[in-house]
Amino acid sequence: MLTAIVFMPAVAAIVLLVAPARTPRTAFVWSWILVSVVELLLVVIVWVGYRPRGGFGWTENVAWIPTAGVGYRVGVDGLSLPLVALTAVLFVAVAIYSLRETRRVKSYVCLFLFLQAVCLGLFVALDLILFFVFFDLSIVAMFFLIAGWGHEAARAAATKFFLYTFLGSLALLLGFIGLYLAASPHTFDMVVLTRTDPLAGRGAYAGLVLFALALGLAVKTPTVPFHTWLPPAHTEAPAAGSAILAGVLLKMGTYGFVRIAMPMLPDTWRRYAVVFIIVGVISVIYGALVALAQTSFKRMIAYTSVNHMGYILLAVGAAGALSGTDTQARSLAVTGAVTQMVSHGLLTGALFLLSGALYDRGHTYEMADYSGLAARTPVFAGLTAVAAFGSLGLPGFSGFIAEFQIFTGSLASATVATIVAVVGILLTAAVFLCALQRIFLGPLRLPDAPGSARAFPDLRASETAAVVPLLVFAVAIGVAPRLLLDVIEPTARILTQLVAR
Amino acid sequence: MSHLSWLAWLLLAVPLVGGAGLTVAGRRVNSLAPILGVAAAAGTCVLAVVAAGVRPAASAPLLDGIPAVVRVDGLSAVMVVTVAAVTLAVLVFSVGEFDQDENRGRFFGLMLLFAGAMLVTVTSTGLALLLMGWEVMGATSYALIAYWWHEPRRVAAANTAFLTTRAADLGLYAAAGAALAGGVTGLDLADLPKASAPWLAVATVGIVLAAFGKSGQLPLSFWLSRAMEGPSPVSALLHSATMVAAGAYLLLRVHPLLGASGWGEPTVAWLGAVTALVMGLVAVAQTDLKQLLAASTCAQIGFIILAAGAGGVSGGTMQLVAHAATKSLLFLAAGAWLTALGTKQLPALRGAARRYPIAGVTFTVGIVSLAGLPPASLWVTKDELLAAALDRSPGLYAVGLAAAVVSAVYSVKAVWYVWQPEEANAVAGFDTERVGTREISHTMRPPLLALSLLAATLGLLAVPAVAEPLRRALGVAGEPSPHWWELALSAGLALAGSGLTWRWGARPVPVAAPVKGLLHRWLDLERAAHLLVVRPTLAMASASAAFDDRVLDRGVHAIARSSVALARMTARLDDGGVDQAVAAVAAGTRWLGQQARLLQTGQLHTYYAQAAVLFAMLALVLVVVR
Amino acid sequence: MNERLGPLIPEIVLAASAVIGLLAGGWLPRQRQSVIRLMATTACSAGLVATAVAMTQPATVDFGTSYAVDVATNAVRIVVLVATLLVICLSVDTIDGHPRETEFYVLLQLAALGTIMLAGANDLLLAFAGYLLASVPGYALAGFRKDASGTEAALKYYLVGALLGVFMLTGITLLYGVGRSTSYPHLHASLGSAPHGVVAVGVIAVVAGLLFKIGGVPAHFWVPDVTEGSSTAVAAFVTTVPKIGGLAALLRLLMVAISPAAVDWPMLVAILAAASMTLGNLAAFFQSSVKRLLAYSTISQVGYLLMAVAVASSSDLAVASLLFYFAAYAITNLGAFAVVAELPHAATLADYRGLARRQPGLATVLVVCLLGLVGTPPTGVFLGKLEIFTATIDGGYAWLAILAVANTIASLFYYLRWLAPVFLYSPADHRVAVLRPAGRWSALAAYVAGTASVALGIAGGVILPLAAGTLLR
Amino acid sequence: MTLQLFLLLAAALFAIGLYGALSQQSIVMIMMGLELMLNGVTVAAGAFWHYIAPTGSGQVIVVVVVVAMAVEMAMGFAATTAIFRARDVDMTDMAADLKR
Amino acid sequence: MSTVLFWVLAPLAAASGFLVFRFNSMARATISLLVSFLATGGLLILLGLGYLGVVVILMMVMEMVIMAVFMIAYMMNPAGLMPMAMYHNRRWSLVIGLATFVLLAGGIVVVPWPHRAATPPKDPTFQLGTALMGAQMLTMITLGFALFATMVAAVVLATHRGRYDRFGDDLKRRPAADPVRGGVER
């Protein structure tokens, strides 16, 4: 089943590749939409059919390269299933949004389908090498998307993105090898590595392995100071690419923390938890501050991603700091971290799609060039406002559920850090309020001469249809979080137990 | 636990769902919006009254070990009825305030959401759900204050309001974490006093901070001044039963926590008292009616907070209810004049009461109450809570009394203007804020009348026959009631203050100009906030951004550049760079280095030389290293 | 003595085909020389079949102790024969009907034979004979076009090879002098008590010769010049095939003949590996010529390959990782060269602008091969790299692995410099001539290599066990 | 007459040959240098055979050296001829188009 | 006797080797090289390797003759007798050469060379034959192929006219089209 989910988009991509070049361009996008909707349905089936309380479900295990300890092992649990679902949802949205794409649609769709397969594969992978394969391929696919369909300086940004994240992935690989060599018999099986905790009591060696893993994941996440690839990549990427980059690809880093770094190196994680807490807090505050100073709407959103990812790091760090806390708090922190991944994916995905709509109309991301758009484009303004408030952590949206759990769960073990980090939500509030005010409120002013003939239509049906579902999901999680938390919590509890070993 | 849970949920769902629906529908339901909005508010009101009677409760799982529980207990019952009633009154009034070309769907929707969020806040028994309502309330207040978003200053005011209150809200986040850390796993408000040692203090500080921010207590009062940029009905709701009341409510709710913390009660009480006094003085210094009322809100809420700190929960609750009726009445009346005359400047409002007597009379009723004059409501409720203060500390009582006198002063100052005869050139002062309609629409009258009735009569709450059951319902039976001399003293002081003020009229007050200015500018609190918080933050933001662009990114680039340089060097290596280096090292002279430069021809013999030398070096290394 | 010919069937077939081919070619009309091609491919295929059979047999030594047929020899046979087949395939477009077509194939087969002999040699003298046999045809092939650059390439190739051959003979003599033998097993026994300095110098000198075949620093000087100067097919051959044999020979020499206790060769090889990968990568940074870029990239790949040799004595995983890596590397490298061969008029990176639009298939192969050389999954090189990194860390050379990671990032930079223009939009009239394909055969080779490169990664589970095993001592 | 003396002679020949290979421009002269180096190897091999290890393979080294000399001489002349034909030079300095 | 011979031949080999690069004329250089080789051959005989010594002498005579022919045939200096000086990088070559010698010589003197394990056989030639037909048989076969490869390679590189130039693409043209009449007929 999971195999079908992972490889169906890839197969679809191959089928579309051989389709004649004269096929109308919308046919490609529509088939993509079809594929992603079917994917979503399959994911729903998986979700409904996921039974084990916290353990792995829907597992498949096929020998792949047994001599190298590599297997094709997939499965989902409470940490990965929400992200799989998020991926499926985001890709549907992006597919719908892409109905307006006109440039080299065939390759565009094929690349996205490939990326979709890769993203889904990463989250279901239960083998380090399988994980790494997808981790790397996601970089490749995204590189081509940015370079091929980005804005003016896309090539430089794409290269920077590729080089930087590739560095991260190789560091990750070294860490994987470290784990592999420590296991006896040597294996890349995540389940086995998690169960056996091969590096227990291996002091410096384990520290180095964790360092490699953390470096790789931190680059991908990204955390300060490894985030500098993110703003140019986002600024230059096409809107759909940005949405996936922020919505799914960044999660690969944070997911790696909860899936690999924490359970496989529990004692080392505990020893260095304070580092992650500090890095997380710095990311939170720093990301928000830099976002506050941005003049470009898209760059601003990019920096808020740094901020949001910082909360996750804070949470996972706090979950590893054992001092004076009970399991409930740590489980809350981990649950909050996973919820934040989903929430950030939905809301930031929506924001990036909206920023794409803005660019399509005004051909600039500079907030100073716009004013009072709410008068001309009420739907656009309304959706952006909703997404912005969701993103700043307003209750009723998924972001609050995530951040509340993170703060509540982290305060006990990382008091000062959490109190500092809480300030982050005030800063993000300021960031988004300023942005909303600059772009949408006040007297009407459009780029170029005011009142010029440039058409500045409200959101088109396809754009609305792409964004609204994301916001609906965000609200659904915000109002009825149990839908999501029932899946996450059992696994989060298991994870906290694993870390406490 | 889940007694009549459907009722509890319905009470919250009607305003929230209705409000969300209307907000989303926006202009599309412009003509129906007032009817739908009022209907929803009326429905909520009925549900609230029923709920206050039958006391439903409901529970749902929310987070891991942290359920979402709503319960209408004593305090909540009072609050839900107050909130629902004031909302209904304000919405009915609003029907006449907005005409067809404004987005009425959005207005009524947001108002309902606002009220719904307040209902969530006051019915929730746990911190998590309370915080949700609390924050949504803040966000909707933002949207309401910025309702006329075309004008940047109103948006800026909304930003200020939201950011200030949210800054204080951070306290609640911290409190939630502290509660959990302190062992209060369900984050139940009632269990907070049981939190373990250091966390109890953190939770207390957090909650007090949040309440002070929401209630506009010193030093976070300034946002209330800016909030006056919103429509009058918004002010009426925001300053009476919701938002500012939420902070006071929270402190009344968690007064056991204040007690448990040891230092909480006196601190809160004194801060409340000081706010009541100082913000009263600020109110006196105002010349803008709505600003005056806004400052008076801070002062009046200060009394409630004093009550929460002094153990006068019942008095505080009575004050809260009475103040809600009074203040919404006053704002609505001020709003009626603003709509009609286009101004809210007191000098320009001379004769307004004579021009529109219904508004004038109801306004006066409200002022009587606000001034603490007998027999209106705030006179008794204030004495109820001051009785508790006296029980604790005479000093506190004295400050409270002083504040009461001040409230009489500013109240009468306001009413003095509107009853003056209209000046000849009165029209010149009109229409400074907006274009007035010169009429008070008929839908505005019933709310004014109803609220004035309440403002006048809610003092009955303090009649022992009512007060005792109320105290039992609040679970604070045995709180002190005022003695007859206290009532008389406060009435006398209020009367004296009022009389003096009336006689004084508009003559300048002999106070130093800087002090007057300071009071007029709300103690320059906003400027201070700007100077101390906003500007440094923005400076830090641009510094960080510059750091990000110049240093971090450059750093990465510098690494790239240096490896590029290294690459260029190695690209030439085949031409004899290594040879050159090796030669230079071997001979150690510059002259020979220049000779070696002649070899940079990329030729075979340099290959030979390099290979020979390098292998020889390798051999040497291998021979030496054993 | 044990002069059995059975285990040597692949070598015999190649030799026979070369000799017969030369003779037969003398009587064939110019356009019918494809018969020789057919014969060469048949010989290679037969050699592959014979090797496959040999792999089922236990490892053995033949001709006294001078020739070992074990997992390394078999791996080299397979890789060399497959690579030769691919080179034949990608050379058809340019060499078909050439007056010296026959000689071309004969020389290819002789070079392949020499490479295999080099890999299997268990005796210093046989190794040198293999070295000669592998080198000499290479010199001629490099100058096969007989133009100015081709002959210069041949000359440089020859002169560097000659000098390093002298070094190698010197080393052989020294090792013989202190070890009293040229046979690896005997040397292993006797070198322990031999004078350390002499052994060290001898090892370096022999390694120098092998490094020439491998194309590693500091014997790499010929690589860029020959790659650029000679025809693409030849460049593909000389940067791939001799490397394989040289590495296997190096591995065998160090593992079988010299114990790390006698000479600290792991450190030596680690230094060489570090130097190769760093120098190759840095020099490739700003190349604008695609062939030179590939040449430098092969030098850097040597660095990664040498990592496995460095830890061969300390990690059980090293041998298998080396064998698998060079198989994957050979295929992937040939794929990249095949794309270059298919586009003979595109000499610089900029010439590749718009390739994705004009030739999407070739562009895909190029992406697969270049990213494969970086080590992007799921290509074979990725799996090889994974194994090599694993072995290196396991063998205690983590610093080398980290250096390799840094180098991989650096290499990505220049590969991206090549790939970026491929996907750029080019105006319709953009140098149609520049991207004119050479013919079907090169394209076929490119597709086969590209597919095989990915297949090797995905089907690694089947291939990797074949590389498992230890060298015969 | 000792091993060391023979080896010193071999070393001298080797060093002279290396000097020649490095210093000569003419391809033929470079080849002479290489031959001279091999000459040294021959001496060393003979000496080792006589003084240390009188085994068959010691003698075979000399044979291999002789063959190598022949092969290198042949290839050297062939390469020289080829480049002479192609660009009318016989010196390495003038065959340096391929660089960097 | 042998000591005397050694002291004659060894300096001769070294000196004539060195003179190769001191002569201004290529012909002299060639002769000087030949002398060096002849001395080496003599030394081999002195060491008891009579057969190999003779082989070296014969081979080298042949080679030097060929070399002389080549020089006369192809080189820019037709007679091979005109003075010439074609050095580059002399100083450094000298340094490297000297350093190499110093290092090697130092090593030779310092190293404790192993002692002889067995006495040299009575008939070294027989020993050589046994080795060639035994342990080193494969080496010799491979060297044979190397020589074969050398022939093919040398022809490919050195000749610019092949059979198709002479006999046409179908090898049917008779007589062969040679620039100078009298090529080898088939």
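The chains carry the letters A, B, C, D and E, assigned in the order they are written, with residues numbered from 1 in each.
Here, a residue touches a chain if its C-beta (ideal position, glycine included) is under 8 Å from a C-beta of that chain, and two chains touch if they have at least 3 such contacts.
This structure is a prediction, so every number in the text was calculated from the model and none was measured.
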| said: Give me the step distance from subunit B to subunit C, shortest route via touching chains only. | reply: 1
| query | If you check the contacts of subunit C and subunit E, which chains show up for both? | reply | B, D
| query | What pair of chains is linked by the most C-beta contacts? | reply | D-E
| query | Among the chains, which is located farthest from subunit D on the basis of C-alpha centroids? | reply | B
| note | Max Cα-centre separation from subunit E goes to chain B
| query | What chain lies closest to the overall centre, CA atoms only? | reply | A
| query | Whole-Å distance, subunit B centre to subunit E centre, using C-alpha means? | reply | 99
| What is the distance, in whole Å, between the centres of subunit A and subunit D, each centre taken as the mean of its C-alpha atoms? | 65
| query | Can you give the whole-Å distance between the Cα centres of subunit A and subunit B? | reply | 33
| query | What whole-Å value do you get for the distance between subunit C and subunit D if each is reduced to the mean of its CA atoms? | reply | 26
| request: For subunit A, jot down the residues that touch at least 2 other chains. | output: 163
| Junction residues of subunit D, two or more chains touched | 14, 17-18, 21-23, 25, 52-53, 55, 57, 60, 64, 67, 71, 75, 78-80, 82, 85, 92-93, 95-96, 98-100
| Residues of subunit C touching 2+ other chains? | 123, 125, 128-129, 132, 136, 139-140, 143, 146, 151, 154-156, 159, 163, 177-178, 180, 183, 197, 201, 224
| field | Touching pairs - complete list by chain label | value | A-B, A-C, B-C, B-D, B-E, C-D, C-E, D-E
| request: Could you pull out which subunit B residues touch subunit C in their complex? | output: 563-564, 566-571, 573-574, 604, 607-608, 610-612, 614-615, 618-619, 621-623, 625-626
| note | Per the touch rule above, subunit C residues touching subunit B in the complex are 155-156, 159-160, 163-164, 167, 196-197, 200-201, 203-205, 208, 217-219, 221-222, 224, 263-265, 267-268, 271-272, 278-279, 281-287, 410
| Across the complex, what residues on subunit C touch subunit E? | 1, 3, 15, 18-19, 22, 26-31, 62-67, 99-100, 103, 106-107, 110-111, 113-114, 117, 123, 125-126, 128-130, 132-133, 136-137, 139-140, 143-144, 146, 151, 154, 177-178, 180, 183, 194-195, 197-198, 201
| What residues on subunit B touch subunit A, complex-wise? | 24, 26-27, 60-66, 128, 131-133, 135-136, 139, 142, 146, 149-152, 155-156, 159, 162-163, 166-167, 170, 173-174, 176-178, 180-181, 183, 185, 187, 199, 202, 537-538, 540-542, 544-546, 548, 552-553, 556, 560
| task | Spell out the residues on subunit D that touch subunit E in their complex, using ranges where they run on. | result | 1, 3-9, 11-20, 22-26, 28-29, 32-33, 35-36, 39, 42-43, 46-47, 49-57, 59-60, 62-64, 66-67, 69-71, 73-75, 77-82, 84-85, 90-91, 93
